[in-house]
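All chains are identified by letter, namely A, B and C, in their written order; residue positions are counted from 1 within each chain.
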């Protein structure tokens, strides 16, 4: 009421109606008590090779300092048949707000299953990747609060990895880490996968130094990099730990590996 | 015409009078009732729910108190709801939302058993796992509409293959499953005790019913000692292959307040 | 042109209490090629004769997998079946999404029955011109349901619909007692033999014109077509000489 009285005060300038409507509620500002997001911690990681892709994630779920569960997978098979998604060739990993992650997984899974029904063929990772981007962007103004990584094999059988921001911006990469310990793992990956700051020892010094060119890694090497990344992350990040789940996608299907991590 | 382009074409107050916003809702300066209201905070609340899986089933418990802020308002509120002979839901958080969900689940149960092909002898078709999937979808939908059901709940029972099932769902639609679970204060106070009994799935497959019940009762006692929004009368349910055994008027036994003597810094003692 | 004054729409009864448009729709089912379905204690089988419009064209789809646990076989308008099967897929996926469980066959059957029924009670709509056999395994075991354009559905032990299906039904009725205890292979043989009964004299079951859908307890619904069914056809009809039980009138022994 006071706001209205004020705005009706005579001034030398002509008033305009657009500036008269009170901007806030009469009873002062009201706080929104409900925040629809939370962070469930954890970290994910994906690395590709010439004929495989590896996706990995820890299995801890957290709320603040609490551990909700020691086994809450962040890796999901997409497509395939039945509730166990047998025969799937695509893997989605999501880290961030777990409820959004689950909803996103179910949307994408349904899309891929309907695609197979309607076209009588499996969806390619390339197509699935673009569809995922659209799903995320469609919720641009109330986003799925997750960092997604999608993995599979492309049309040539080469390992494919796509990483996303929460609103659908995406890019194909050879390696990516997301989540609570991504800031710990990324520099390690830069150095070990992309050979950043590594120089040919036979080259000269100073400006003569020649950087090493990254080469496709063997599956063995990649699996070791993944386990090292997670055991180290579990040492330094309280939201990472309990278990490490790894999906290795090859032309023969998806192989699952599980190992224990620190539980403290 | 003047130097304020945003004003061009708009009705001038000196010509038409001030804008009358009375038709607008109060949130926009009008006098109309606000059209939609959503829960911003819970009113009457229940505290922790605890549950633990053992080799043939699940034990779940919650006290019978509904608080109004710090006031112990209602002392006979049953917060464990039996869905069918395979599933029990334990509610924490807003009690009116719990009662809404209870009605929703009852109508679901009726729908599920209605009609000529009701699963009379083959037992209820809906397992605790199915129920949890449904409940978590309801919760997630409501949070996505910015109209949350202010609860944290545990779904305890058996899955389709009659194996013990225990999972959590809350107002954000967050879900997870574990051999032992606790909501609210229980996550801080009871979960460490329960995890000593069942550190992993393998351990829960070894745990006997007696051990599980004993562990839960011990945890309820600890919660009553330390949680100011709790009471010593509680409900406890055991769900196994034989069905649901729900007791709604249990009292804490063998309380020992000896530890209170050790507490310094409160009250009138001087040393 | 018109048979009478009461068949201009599907919502008007004739004085005899018939709805002619619905009956015409049922005629469309009878013009579709034959499909049969049988259930045992452990399995549910669908078998169908596929037709091609002309030599150069492909064969019309007769068995459609819907979800991992069940599929349908159709007789009549294939386009109507496609619409219905899309609806069934959506319902099946939503059951898995909402309740994390495969939809019950009795459930999905009554859902499409409700859709078909509305077509018989709303002006300006037409009944589905297709009959379906819905077969698969759910939480309550193997099932076979028959669906008709009128919205009538029935649970069956064995059933045949489509052109000349009376012959197949006669075979099924004669062997009714055997089905319950049949093994997977026996059930397939029964389905193929009953299918053969309905075939015209000069026609044979071949790998091109036969479709087979099988599901069982612990076995997902699988569609067999082309070379995949060659073995089933072989084993079914080489035994036939020794088996007088089949007893169709003047059927020739197949030696394919």
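One rule holds in what follows: a residue touches a chain if its C-beta (ideal position, glycine included) is under 8 Å from a C-beta of that chain, and two chains touch if they have at least 3 such contacts.
Small disclaimer: the values here were computed from a predicted structure and weren't measured.
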* Structure fact -> Between subunit A and subunit B, the fewest touch steps amount to 1
* Asked: Using each chain's Cα centroid, which is most distant from the centroid of subunit B?
  -> C
* **Approximate Å spacing (C-alpha centroids) for the pair subunit A, subunit B** => 29
* Asked: In angstrom, rounded to a whole number, how far apart do the mean CA points of subunit B and subunit C lie?
  -> 47
* Structure fact -> Chain centres from averaged Cα atoms put subunit A and subunit C apart, in whole Å, by 45
* To do: Would you please write down the residue numbers of subunit C that are in contact with two or more other chains?
  => 97, 100
* Do you know which subunit A residues sit against two or more other chains? -> none
* Junction residues of subunit B - those touching two or more other chains -> none
* Interfacial residue positions of subunit A with respect to subunit C in the complex -> 81-83, 106, 110, 113-114, 117
* Structure fact -> subunit A partner, complex, touching residues on subunit B are 2, 4, 6-7, 10-14, 16, 18-19, 21, 24, 26-29, 38-41, 136, 140, 143-144, 146, 148, 168, 172-178, 187-188, 191, 200-201
* Asked: So in the complex, which bits of subunit C are touching subunit A?
  -> 68-69, 89, 93, 96-97, 100, 102, 220
* Structure fact -> Seen from subunit B, its contact residues with subunit C in the complex are 117, 119, 122, 125-127, 129-130, 132-134, 137, 160
* Mind pulling up the subunit A residues that touch subunit B in the complex? -> 3-4, 7-8, 14-18, 20-22, 25-26, 30-34, 36-38, 40, 61, 63, 66, 68-72, 97-99, 102-103, 142
